[in-house]
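Below you'll find a set of structures to go through.
Same chain, two partners: chain A is paired with chain B first, then with chain C.
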Partner chain A sequence: MNTSQTDTTFTKEDGAILEEVMNIAFGKASSELATVVDLRILLNAPKVEFLQADDLLRWIKQDTADNDTLNMIEQNFWGKYTGSAFLAFPTSASKGLVSLFEDDDLPPMDEENPLLVKENLLEIGNILIGACVSKVAELLDDEVTFSPPRLIPRMVVDNLANEARLDPDKVAILIKTVFHIQDKDIKGFLFLVAGEESMAWLKTALQNFMAKF
Partner chain B sequence: MILNQILDTIDIGLVILDKDFKVRYWNRWMAMHSGIAFQEIKGVSIFEFYPHLKNKKLLRNFKAVINLGNHYFFPQKLYGYLFPFRPESNFVKDINHMQQSCTMGPLRDDEKVIQYAYISVKDVTEAYIYETNLASALLTLLEKYVEKNDMPAEEAQSILDELLPTSGGEVMAKHSKPPKDKDTHAVIGDQLVDILSEIASGNR
Partner chain C sequence: MPKKLLIVDDSPVSRAIIKKCLPEGHDFELFEAEDGQQGLEKFKEVKPDATLLDLTMPVMDGFEALEEIKKVDSGAQVIVLTADIQPKAYETVMGLGAAMVVPKPPSSESIADGLSKIGLI
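Right after this comes the complex of A and B.
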């Protein structure tokens, strides 16, 4: 594919196709997650936005404003589709998330052992992010690799813009979904942010996807 | 052929497992450190040689790799090691096993269907020893400062919060209930010693 000659401007139709691709991918991810973690994880129909980095943080903030502090898991992925995923959930939901794997053969979760708590949150984030991103990549005929996830604990929502180091001039594709772990009644947000470098490929990949139907 | 040379000469362990956990590839690094030749382990379940790997966490994440295409990371700080190998250096004291940072990821066939999972094993023993020594030295130093009233306990705590691999709040929560019959300096001294022993015993 010669991406240098591809028009990278995203139209409304491209956005609609991307939303549809995400919808299918997240549906697959949701059903396959059940086989891995033995939980029903619902992923809402995703919303796609094309924003500048500055607006992006404002958008995240607007969605998470009901919470004073968030735990955020950040994980980068790269392939032809390259970007960062952010899983954000209220700090108060951490306890519920940590308890998801309490049946492990490991000693019972010591809530005061920050390393174990952190590891469990990272594992959940890794599984959720990995499932969603891999399924999107699979649908678009790509393969992605992941960096280890990082936990940004107790991020004050009001400070989001100050703490993130994003290039304000860069345009990003933002995909947002709400995840809901039914049995535990835990809700949070998943944001996928892809930079300009993925746009040319993504536009062509979406056209190729539609050409199959 | 060149690829085989690379895989056998890189300073990293590489294992490839099929969906039934049978070993399909075991590079020279793994053979050298485990003492198990590729021919011996080839086609055999990894659990026959390393039964401790058969735990819920690994099985769950193996499934996530095979079914979802995920990657999973085994950080040294939590696991210490996956494969119980001797440290490479003959001069390492107090550490019985090579400290490892491992990654598990999917491998696809020509039709892009995931057929295998790889596990890469990186020896991080030296970095671990260095980090532990550095943390020990820092804690000893902070303890002295606090004891001599050269530094407020809160400042020492804040340095620890910044540098140790947990968030500040978490360290505080763990160590912030001083018995009323001790003064603050004695308490922070105790806390530092506790943290130091945890690091020394490899719990951090």
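Right after this comes the complex of A and C.
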């Protein structure tokens, strides 16, 4: 766990509980996507960090090639825990991702079919973010509603804060995970950003979750 | 005589939840491991009556650990507890010889069902 700045209100135990909640939620999300694409998705155990939104850049850069750009899908959600969820992955991985949805009856998805590519990236984001955030909400006795997903294409990593409209005062929960889609090696990041009010609720909800057992 | 139960899970929270969900009125001797490699070593050392095994773990995942455990003892009773509820994951672990799969988070009932199915309680 990161021990600097904002996570002072979150104990190591809180972080461990959230990691397990996210593990369950991401399992659910991957299952939803696997059902749609009929492929096995191999997961690494997610790691959770509490960061100021500004620090996201540092984290994402650690796993991104210098000259790479990111395709990012953003979806806002509202509940007792209110915020934004982002699924980001290198632009170079997009072709592999959208190929999961290729159909013999449709034209091939490449640069000449930007709308199809966009629709499929949005669908992948919608499935993963929706299932993950919904499962977190269910486990923590919350209910959430979602905005439609928005694609931020070919984003230069250094422009993350502006492109994603991140408020530097907000706290980001970064769930870093690597998912392998059968023989395709595709690395993605899923992170949630929320304000202090939601974080206070989250801390209590995590303790309530453990008290159920 | 207490039944030996090995819990293999990288998450201390998950291990704590599993222990809280164990049925009351039964005598268990508990052993824990934080990844598949540790779990395999612990399995060889203590020869548990049953193993509760996570799938998504660092160092050695639960699929490989299950395969290795079955090489050591083909009759090993392994219950998989996992958040990975994909049909293909289920098929794989059942093909490797798991007794059953319990989705996370577990409950007292689901753990008791699993232990009952393998004749431990």
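The working rule: the second predicted complex is superposed on the first by the 174 of 213 C-alpha atoms of A that agree within 3 Å, B and C clash if a C-alpha of one lies under 4 Å from a C-alpha of the other, contacts with A are read in each partner's own complex, and residues count from 1 in each chain.
As a convention for this text, contacts are C-beta pairs under 8 Å (C-beta built on N, C-alpha and C of every residue); 3 or more make two chains touch, one makes a residue touch a chain.
The shown structure was predicted, so the numbers you read here are calculated from the model rather than taken from an experiment.
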Review point. Here chain A is shared; do chain B and chain C fit on it together or clash?
Key: fit
Review point. Does chain B (first) or chain C (second) touch A:Thr35, or do both, or does neither?
Key: both
Check your understanding: So, A:Pro153: does it touch chain B (first), chain C (second), both, or neither?
Key -> first
Exercise for review: Considering only the touch criterion stated at the top, classify A:Gly130 as touching first (chain B), second (chain C), both, or neither.
Suggested key: first
Review point. So after the superposition, what angle do chain B and chain C open up at chain A's Cα centre, nearest 10 degrees?
Key: 130
Review point. For A:Phe213, is the partner it touches chain B (first), chain C (second), both, or none of the two (neither)?
Key: second
Practice item. Answer with first, second, both or neither: which of chain B and chain C does A:Phe101 touch in the superposed model? Key: first
Review point. Can A:Thr145 be said to touch chain B (first), chain C (second), both, or neither?
Key: first
Point to revise | If touched residues of chain A are counted for chain B and for chain C, the larger one | key: B
Review point. After superposition on the shared chain, which partner residues are touched by A:Leu115: those of chain B (first), chain C (second), both, or neither?
Key: first
Exercise for review: Once the two complexes are aligned on their shared chain, state how close chain B comes to chain C by Cα atoms, in whole Å.
Suggested key: 12
Point to revise | Shared contact residues on chain A - chain B and chain C | key: 35
Revision key, fill the gap. The chain A residues in contact with chain B across the complex are 29, 32-33, 35-37, 101, 103-106, 112, 114-119, 123, 126-127, 130-131, 134-135, 137-138, 141, 143-146, 148-149, 153-154
Review point. For the complex, which residues does chain A have touching chain C?
Key: 13, 16-17, 19-20, 23-28, 30-31, 34-35, 39-41, 43-45, 139, 210, 213
Point to revise | Complex contact set, residues of chain B against chain A | key: 55-57, 60-61, 63-64, 67-73, 75, 77-78, 103, 105, 108, 112, 165-167, 169-171, 173-174, 203-204
**Study point:** Residue ranges of chain C in contact with chain A within the complex
**Key:** 10-14, 16-17, 20-21, 56-58, 82-89, 92, 104-105
